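These are the structures in question, set out in turn.
After this come two complexes, each holding chain A, first together with chain B and then together with chain C.
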Partner chain A sequence: MSPIKKPKLAVWKFASCDGCQLSLLDCEDELLAIADAVHIANFPEASRAVAKGPYDISLVEGSITTPHDAERIHKIRRSSKFLITIGACATSGGIQALRNFKDVNDFISIVYANPEYIETLNKSTPIADHVFVDFELRGCPINKYQLVEVLNAYLNGRKPNIPQYSVCVECKRKGNVCVMVATGAPCLGPVTQAGCGAICPTYQRGCFGCFGPKETPNTSSLADWYKNLKLSEDDIMRYFRSFNAFAEPFRKESEAHE
Partner chain B sequence: MNNESKSVIERKDFQALFDALSAEGYKISGPTVRDNAVIYDEIGSAEELPIGWTDHQEGGSYRLTKSKKKTLFGFILGPYTWKKLLYPPEKKIWEAQKSDRSFEIVEAESKPIKQAFVGVRPCELKAIGIQDKILRDGQHSDPEYGALRRNLFIVAVNCTNPGNNCFCVSMNSGPGVSDGFDLALTEMFNGKDHYFVIEAGSRAGKKILEKIPHRPAKPEELEQAEKAVERAASKMGRSLDMKGLKEILHNNFDSHYWGEIAKRCLTCGNCTMVCPTCFCCNIEDTTNLGGDRAERRRYWDTCYSVDFSYIHGGSIRSTDYSRYRQWLMHKIAYWQDQFGTPGCVGCGRCITWCPVGIDITEEAGAIREKA
Partner chain C sequence: MNNRVIKVDYLARVEGEGQLLVKIKNDAVTDVKFSIIEPPRFFEAFLRGRHFTEAPDITARICGICPVAYQMSSCHAMESICGVKVDGALRELRRLLYCGEWIESHALHVFMLHAPDFLGYEDSIQMAKDHPDLVKNALKLKKIGNEIMILLGGREIHPINPKVGGFYKVPTKKQLQGLVEPLKWALDFAIESVKIMAGLEFPELERDYEFVSLRHPDEYPLCEGDIVSNKGIDIELSKFFDYFEEQHVPHSTSLHAVVKDRDDYLTGPMARYANNYDKLTPKAKKAAEDAGLPKVVLNPFKSIIVRAVEMVFACEEALRVVDEYKMPDKAYVEVKSKAGVGFGCSEAPRGICFHRYEIDDGGIIKDARILAPTSQNQKAIEKDLRQFVENHLDLSHEKMTWQCEQAIRNYDPCISCSCHFLNLQIERE
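What follows is the complex of A and B.
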């Protein structure tokens, strides 16, 4: 493949911890193949060399939390043919969306010595609330194999194999013993989208819901069951209010237990 | 099998079964304790069995407890099913390599290993028989399954201690085995004597039995073993009235009650994953980044996912209730139409391992009552 024909890839950062975009550098075995297949045109974490847009693929990490970012994402959308959001911040607003349940001004006055310099939005919101998104890749952080799969599918003109069913499906395939049934540990697996490889249940912990709500999640039934496991209303609220607190099914469930 | 053919193995000689199977080249899998449950894994000796362990099951709850009895098979059933070893959860089917103007297909290697399953419960034996009909003898048979099945040695263990979620009597699949095994055991333990009443059900079974120290069973031993299995039949935790149930379900396809179940159902798919007869799979094609190599893989799938019934234009079963209904109706009604037998053996795993304890016997019963 000649370098000119390689699709141009850009990586963009909004309010986030950088963990998801670093998954790209974490692709060790596949990294050379990726660098071979695409022209990495804008990826400040990897290189200072920045090539001008438009870009064929944009990977967008982070949520929108400032008026400046709310503008910037539109510019990125305009210069991107295919825009993929990566991670819980970009797809649901992230852990910083905890602010959405309170008045942001209260936080600003507590956290910053000079609150007058802070210009921020009331809510931390996912990218799809602002611009059209071609594909959302879930996770906190994303799974690097899923990232390679999405890029791979794009490059080969096929549909990515990213299932939207529950963590339970991959947990059972893996041969894990269900932690909730066998020990009574609360687990969000039945309402959370697969993709992480059921990491926490593999180590006898309940799922924390890093990959956000699965398709058709029945959060109220699971929350009812949590009561049998002796969880308080406050505990249940906190279970649903973490990395994907602002994803609608989790948000509504946590609000029902406030 | 008549009683004359039954023998007794003493507990102290039980290891000889493992030794005989190993000597014949079988890879032995059986129950063992891991992560707070009895699971099936490769084991090399009788000492790895769940000695003295038992389990207590309720809807959505399983607790492993240590009992004073040093029984080897004193537990009910764990979350694993034998299908894991005959029809693996994930498998490469083939890969393709691109050449100049074409591509070349390389079939995935499949070695039909000789396996021995020790501790197959009667309901599980029935489930293997049901999967045989589909995966070995059916219209779309799986060659690997057929090969593994041909090389399989089954040591069945009769049930003398069924659990709260068991209903094999209703499904005519237990608590005693009648055929389909190589060796069948009934474990007897009274605090003093600990022995196994054993019978061979095949030529291979006889051959293995000959290598294990055994003696003819005494009439009272046979009577006690038979009574223990009979008692188990009267101790079923649940029951499912199958009389006319297929027709009742067909007639109540539009019952509002399905919606009531859907309020609790998580559509997580756990019941299908732990079911010993569920065989649905998804075929996934992937490519490498360069696009010159492709791979086709098979995964256990679940009818609870929206994509499962996706055809051009959308999913056929987009609502939660329609997906639960599909599963229950397939197990009890459609399966009979398709394969001439229900797809349920009454093992109760779907009840135990449902994260919110939805009970197939209760829900099918409710549909019957409301009909």
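What follows is the complex of A and C.
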């Protein structure tokens, strides 16, 4: 295939830890094949070569936290055929959305001596709050095999096969003993979307919600379970309020325990 | 007469967003700004009110490239507050996990991000067309680092298994033995890498650095030690802020760290190597000697060789831990919260990652301070750039820009980390 016909892939970064885009470089076995199948047109973490848009696929990592970024995402949308958000930062605002529950000015003065140098928005918001998103890939970080699946699907014009059931389903399939029943560890598995492979329960700890809420989660019933496990209201609030704190079902549940 | 502006708006092959601006007027450098334009994420602020046991999971999210550094520094800090010491096999497993992160991160930086500069490629994928075996082996080495992270941590990015007090679950001896064959290959390839890197051509630049690193009486430092420098600092972690301070400058969302009443310092592989040469493992020392590497390296472009030496160290050390491992009865030491202040510092692949926390009786975090390696190196980077540009005014604009970028990449800067942290502009007026 001539290099001109290859679909163009771009990777964009907003407020994030770089972990999700690193997942692409962590595809050690697939990386050279991916680079063969697509033209990596913009991926500053890996290359200083930049090709102009439009791009066939844009992968967007990170959340919107500055006025400048709120503008930039629109430009990226305009130059992308498909825009796919990767990771909890991009799909729910990420851990930095903890500011959404407080006054950001207090935060600035805790970290910086001269707050006047810092330009930031009150809230950290997901990409889909600003532009139309074609597909949201969850996780903090994303699962690299799911990333390869999503890229494959879009390159071949089909729907990505990404399950929306809960971590519990993955956990049962692995043959784990339920950590909540067996050890009394609070676990977000029942309300969290699958994708990680139920690693926490496999390592004998409760799920802490990296992949965000599953479809129609019953968070309040799970919170009742936590009460039976003798968790305090504060503990319950914190449990729902981490990497996907601003995802609607988790946000509401954490607010119910404030 | 040389008047120009060198400008790079979005520095590539670094983790995160940075910019560079160099202004040259009448053959003199009038301004150098290495700025970090990464949006601030306020970790120190939202750690307040969280439970101390959450710190390793939350601080890991500062950086997807070196999460283990944040996890280890925060765990150690919390354990010191609560009066707990994690020893024996659990301590060894922490070292092994950290070796995994070093192998993965160093392999990524040496081959995929930095080597293309020396060999004249825009990226490792283009490099792979002419040097397919080098890139394939590099990916294989990187993957072995990740395999250690997956086995001990549950996954390669943001491991879930480490906790305050140890781990949730420890591996069996048999599971660890699965790492032996891959690690033996990795060790051989790392040794070869030292030779390959030592054979590159290095731009000229030497500075009289203050090298700051950890130092431990028994070992090349990873998770623990005192803070030392080649200019006389030798202190316990608790004295850190008596000797170092952070300054907030307008052009950066990252804070600049300096040695009080002195100036910039360098942390990372060159500092660790200079301060701990005597503690290198035998094969790592031999690889350095064979490559003709002096005990102290002053040309920052040669940090790529030092990183390769450290890959040898990490593979050798990992093999030792696997060999001596006896599975402990318990995966962790019980940690009960106690009000107090504590410190943790570990050697991230790119330098010391310093944490200070205050927690209350109930284990709630009252205050947190975190110094990422790259923010500590920012000032040293600017000074390197200034000297480099002053000594190379005859370079073409394109070459100057590229080599300035390369000079920044010498530090393997992790900008997401320091922002609480980059974009290159060179202006010649």
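One rule holds in what follows: the second predicted complex is superposed on the first by the 258 of 258 C-alpha atoms of A that agree within 3 Å, B and C clash if a C-alpha of one lies under 4 Å from a C-alpha of the other, contacts with A are read in each partner's own complex, and residues count from 1 in each chain.
To be clear about the criterion, a contact is a pair of C-beta atoms (placed from the backbone, for glycine too) under 8 Å apart; a residue touches a chain by one contact, two chains touch by 3 or more.
Predicted, not measured: the structure shown is a model, and the values here were computed from it.
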Joint occupancy of chain A by chain B and chain C, clash or fit: fit
Chain B versus chain C as contact partner of A:31, first or second or both or neither: second
First (chain B), second (chain C), both or neither touched by A:224: first
Partner contacting more residues of chain A (chain B vs chain C): C
Which of chain B and chain C A:126 touches, first, second, both or neither: neither
Angle, in degrees and to the nearest 10, that opens at chain A between the C-alpha centres of chain B and chain C: 110
Chain B versus chain C as contact partner of A:189, first or second or both or neither: first
First (chain B), second (chain C), both or neither touched by A:243: second
Contacts of A:158 with chain B and chain C, given as first, second, both or neither: first
Touching partner for A:209 - first (chain B), second (chain C), both, neither: neither
First (chain B), second (chain C), both or neither touched by A:169: first
Lowest C-alpha to C-alpha distance for chain C against chain B (Å): 10
Footprint overlap on chain A, where chain B in one structure and chain C in the other make contact: 204
Sites on chain B touched by chain A in the complex: 34-37, 39, 60-64, 78-80, 84, 89-90, 262-270, 273-274, 284-291, 299-302, 304-307, 320, 352-353, 355-357
Chain A residues touching chain B - in the complex, by the definition given at the top: 30, 33-34, 36-37, 148-149, 151-152, 155-156, 158, 161, 163-166, 168-169, 172-178, 180-184, 187, 189-191, 204, 214-218, 220-222, 224-225, 228
Interface residues, chain C side, partner chain A - complex: 10-17, 38-46, 48, 50-51, 54, 57-58, 61-65, 67, 108, 112-113, 122-126, 128, 135-136, 139-140, 142-143, 146, 154-158, 160-161, 163, 168-169, 246-250, 253, 255, 331, 405, 414, 416, 420
Touch list for chain A against partner chain C, complex: 13-23, 25-26, 28-29, 31-32, 35, 40, 44-50, 65-66, 69, 94-96, 98-99, 102, 104, 106-108, 110-114, 117-118, 120, 140-141, 196, 199-200, 202-205, 208, 210, 235, 238, 242-243
